[in-house]
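Next come the structures, one after another.
The same chain A turns up in both complexes below, where it pairs with chain B and then with chain C.
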Partner chain A sequence: MALVFDHVSYTYAPLTKRQIKEGQEQLWALEDISFEIEDGEFLAIAGHTGSGKSTLVLHLNGVMNPTKGKVLWNGQDLADKKVADQARGDIGVVFQYPEHQLFAATVYEDIAFGPRNLGLSADEVEERVKEGLELVELDYDVFKDRSPFELSGGQQRRVAFAGVLAMRPTTLVLDEPVAGLDPASRNDFLDLINKLHERGITIVMVSHNMNDIARLADRVLVLNGGKIAGFGTPEEVFSHAAKLREIGLGVPDAQLMANELREMGLPLEERLYSPERLANAVAALLEGR
Partner chain B sequence: MISFENVTFTYTDEEHNVLEDISVEIPQGQFVCVLGANGSGKSTFSKLINALLLPDSGTVMVDGLETSNSENTFAIRSRAGSVFQNPDDQIVASLVENDVAFGPENLGIPNPELRQRVENALAQVGLTGFEKRETTALSGGQKQRVAIAGVLAMEPQILIFDEASAMLDVRGRRGLMRVCKELNAQGMTVVMITHYMEEAAEADRVLVLREGSIVLDGTPEEVLTQDAVLRELNLDVPFATHLSRLLQDRGVDIPTYVDQDSLKEALWHWYSTT
Partner chain C sequence: MNLQTIFGRYVSRDSIVHRMDPRAKLLLSILFMVVVFVAQSYAALAVAAVFTFGMFFFAKISVKQAFVSIAPLAILVVFTGLLNIFFVQGGQVYFQFGIICISEQGLKQCLFIVIRLTLLLLGMSLLTLTTTTLNITDAFERLLDPLKRIGVPAHELATMMGIALRFLPQFATELQTIYRAQISRGANFKTNARGTFQMMVALIVPLFTSAFRHAETLSLGMDARCYHGGENRTSLRDLHYSKRDLGGLVYLLIALACVIAVNIVMAHFGW
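And then the complex of A and B:
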């Protein structure tokens, strides 16, 4: 259990004594969040804009500390600066549009920045850069000396990923990793993330694409108004379609259609969130008549 | 009417043509979606319509006005307005009403009419009552609608959306699509550059670009059911098309649909009559 949220609440604007005396209610960006991230799992975090997703992500490696409660990394409190420093290599965070954070003159220098700050030797740094590029499937000899700014958007994002992977994280936190990519690069990227997961890296992915979540995640945490509105396997979470719609989230296309067909009177089972499963169920239904 | 005749375009630092000999006509009032992978030239296509870019050869005409003639630029831009991907790049004022008034005010529209235009434009995008709101305090979808209102206040005939929904969530996208459909129903031409197949399924016509050429042109039913071609072009396939195919593979005898409601009705019909 590398990461544990224990009754975490966070506010961007704590009330002053006077406001409390006047009886104002505290607004929480996160309110009483408790859950555990299991080693090696693929956890998706879903929620409408403003639901607290990004605030939660910033708690995952100690960039933000809870106003109340604790985030524990291997049993240690991430609010302790020393612990947070240690955790930062272990928990890699890739923010939205990470290519905006590329800065160095060459791909090599950009990826080497993190490992170098760990105080590694030149040989070790080179090793890490090679490893990072290999993991994102970019050829080391072709890309190492190129300027990151001459690359395509998809390649830039891969380089930004490589920089995080070069720190050898055991947990990778991805905030909307495929936002703004075209369908082809989006699929390539999701495959890449899935491969990293299969290598044993724990993945925490913020997304509002329910089709992607249905395809990849082991579990889904749904946030609404800073609180947990649902937590479980995609099957469990997506069976509550009406509740998800209420909080501005969709369900996967297949699940939506299955629900609507059921409402029209087709006796379909409740958990049909992939197109293949829905097609099987409908075909079986029609064959049986 | 928008017409492209043998249009070729290259950015100065590119070796190959971004658009290659494009000829197409879009009649007034049509709702056209333009699809294509990154680098297919679809964004360039949209920028050629209102003279943000000019063709290297061939002609682009908007309501009989040629874009390459700089005397026409002003008239063309007041006829054809664009909304882009990032709403934050398009908002210029701190109050909603000032932002929407920015364009027509620069045209020198005097006050009773100016006020009326702002009011109408905000009503058209469903933001009546937002006049005094601060633009920075709006959601992405609301900002995008303010950007559209700013274009509408110019009273254009043609609206161009260049991946305008790409940064919005599901709710924002649906709201934007609803606004587009309503404006189109009032007679406005809509040219929508998008990656979302669900948006394309609702258009009158779908154009698909590959490497600067139009490779498919037809109704959503004609274009979006060609799933093999779409996959080859690195595009998504609409969910209804994908599911139709899966059902056909499993021996269900139904046509290939592009929109979910039609597929749903067909399945219901099939189930209740067999």
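And then the complex of A and C:
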């Protein structure tokens, strides 16, 4: 329970006294969000554009503070600046297109930025940089002295990841980590994220790709219009296909096909299907006939 | 870090001032500056102020909104005011500490300059409050048109100006994103001088790379649409002077006459 959202609401434009008197209704970017992130889990946050995903992400390490409610990190309120400063070493956030935030002359210097901000010694910083590059599967000796700007897009993103990982976060927050990547690097990245999760890092991933979510996540939080529209295991969430479609989200391809086959009269169970599982189930049905 | 309030952002209204020819507004802004600079006394400034607020009345923009729009530049006014307090000497001395000396003349001069500068900023902000950037660049290009003969690249200058203005809010948003990303990596912008410098680098380098990235994409887009500069280029909306513009000119000429008259009267009575 490293992170707890307790009735969090956030607005970009609080109403003035006069507007309240005139009876205008407050618009919320986030409204009454309560949930807990469990240690070691892989939580996916899904939602349509403008549903509040990115606003939620900014609350996870105190870059934004709730208008109402609280975000608690190990029981402490993240609205407190000192607490937020401490939390930033523990909760790593990788923003959308993180390669756009690279700035240093060498890959080494860029990755060292975070650890140095933690006040670590030079030796420790070097160790962290090595560790960061190793985690994103880039060779330390090959890359450390190169300029981040001469790398390929995928490599740049890995370096940006390494910069966050070098702070040794116990929770890694990823906002659309595979946006704008080609299919091959997409898969590489998702595998990488999965490996990090297997090492025990808590992952919070914002995504609108339901296939990725179904494959990787332990739990899914669905946002719609700033409110929680669904929260549970992928199996629970994706069983409400109609509701998801209503708010502009799909279900995983395999699940979609399973639903359609069931509607056509095939006696498939109501459960979550990966492509393999679905193929096996259909094969079993065909053999049994 | 809120960068959204930018000096004189366009406010959509249906007013005489909004419908004036942008070229006229650009030229009349210069005349307005003359009016404010001609004013030599508080009385003359007061007259200029009345005419300034009159312009906002015609533009249907509240004075409060006008002050909000120049608020980001308040620091400039305060700084100039302070300079005057400390460097203009004369008359009775109110306060002295080392080389710092606040005197009667300094305070008078300070107040005068602050009022004058505020009026100037208000008048200038009215141009951008009532004219879209597209129209301003358009007017800028037309006004430079005669200079094309002697080789001034008027169209190119106007296009650059337009692009620069268009990208300001874009870069403001990107700067905010970069700022958030760096503080998420534990950056603290209020440590010692060396730390602060490092943090500025961490903000400015990504901002510059983003500017180059945008420039490259934009030039590709322009090439793809066969953009080739101003030669033989016609405009979709032609600009025409109208009676409104003449009205604006008359208004400011009256203002100028009043200010000069007050100046003369004040000088005559030796106030």
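By definition in this document, the second predicted complex is superposed on the first by the 288 of 289 C-alpha atoms of A that agree within 3 Å, B and C clash if a C-alpha of one lies under 4 Å from a C-alpha of the other, contacts with A are read in each partner's own complex, and residues count from 1 in each chain.
As a convention for this text, a residue touches a chain if its C-beta (ideal position, glycine included) is under 8 Å from a C-beta of that chain, and two chains touch if they have at least 3 such contacts.
Computed from a prediction, not measured in an experiment: that's the story for all the values here.
Using the superposition on chain A, decide if chain B and chain C clash or fit.
In the superposition, chain B and chain C stay clear of each other.
Figure out whether A:G180 sits in contact with chain B (first) or chain C (second), or with both, or with neither.
The answer is first: A:G180 touches chain B but not chain C.
Which angle, as a multiple of 10 degrees, do chain B and chain C span at the CA centre of chain A?
70
With the two complexes superposed on chain A, say which partner A:E126 touches: chain B (first), chain C (second), both, or neither.
Neither chain B nor chain C is touched by A:E126.
Which partner does A:M264 contact after superposing on A: first (chain B), second (chain C), both, neither?
Touch partner of A:M264: chain B, not chain C.
Count the residues of chain A touched by chain B and by chain C, then name the partner with the higher count.
Between chain B and chain C, B touches the greater number of residues in chain A.
Could you tell me if A:G163 is touching chain B, chain C, both of them or neither one (first, second, both, neither)?
In the superposition, A:G163 touches chain C alone.
Just checking: does A:E36 make contact with chain B only, chain C only, both, or neither of them? Give me first, second, both or neither.
neither
Touching A:L102, do we find chain B (first), chain C (second), both, or neither?
So A:L102 only meets chain C here.
State whether A:L278 touches chain B only (first), chain C only (second), both chains, or neither.
first
In whole Å, what is the nearest CA distance you get between chain B and chain C after the fit?
Between chain B and chain C, the shortest C-alpha distance works out to 6 Å.
Of all the chain A residues, which ones make contact with chain B and with chain C?
none
Name, in rising order, each residue of chain B that touches chain A in their complex.
So the residues of chain B in touch with chain A come to 37-39, 139-140, 166-167, 169-172, 195, 234-236, 239, 242-243, 246-247, 249-252, 260, 263-264, 267-268, 270-272, 274.
In the complex of these two chains, what residues of chain A are touching chain B?
On the chain A side, the touching residues are 48-50, 152-154, 179-180, 182-185, 208, 248-250, 253-254, 256-257, 260-261, 264-266, 275-276, 278-280, 282-283, 285-287, 289.
Within the complex, which stretch of chain C touches chain A?
Those residues of chain C that touch chain A are 174, 177-178, 180-188, 201-206, 209-210.
Could you pull out which chain A residues touch chain C in their complex?
58, 61, 63, 85, 88-89, 92-93, 95, 98, 100-104, 113-114, 117-118, 149, 163-164, 167
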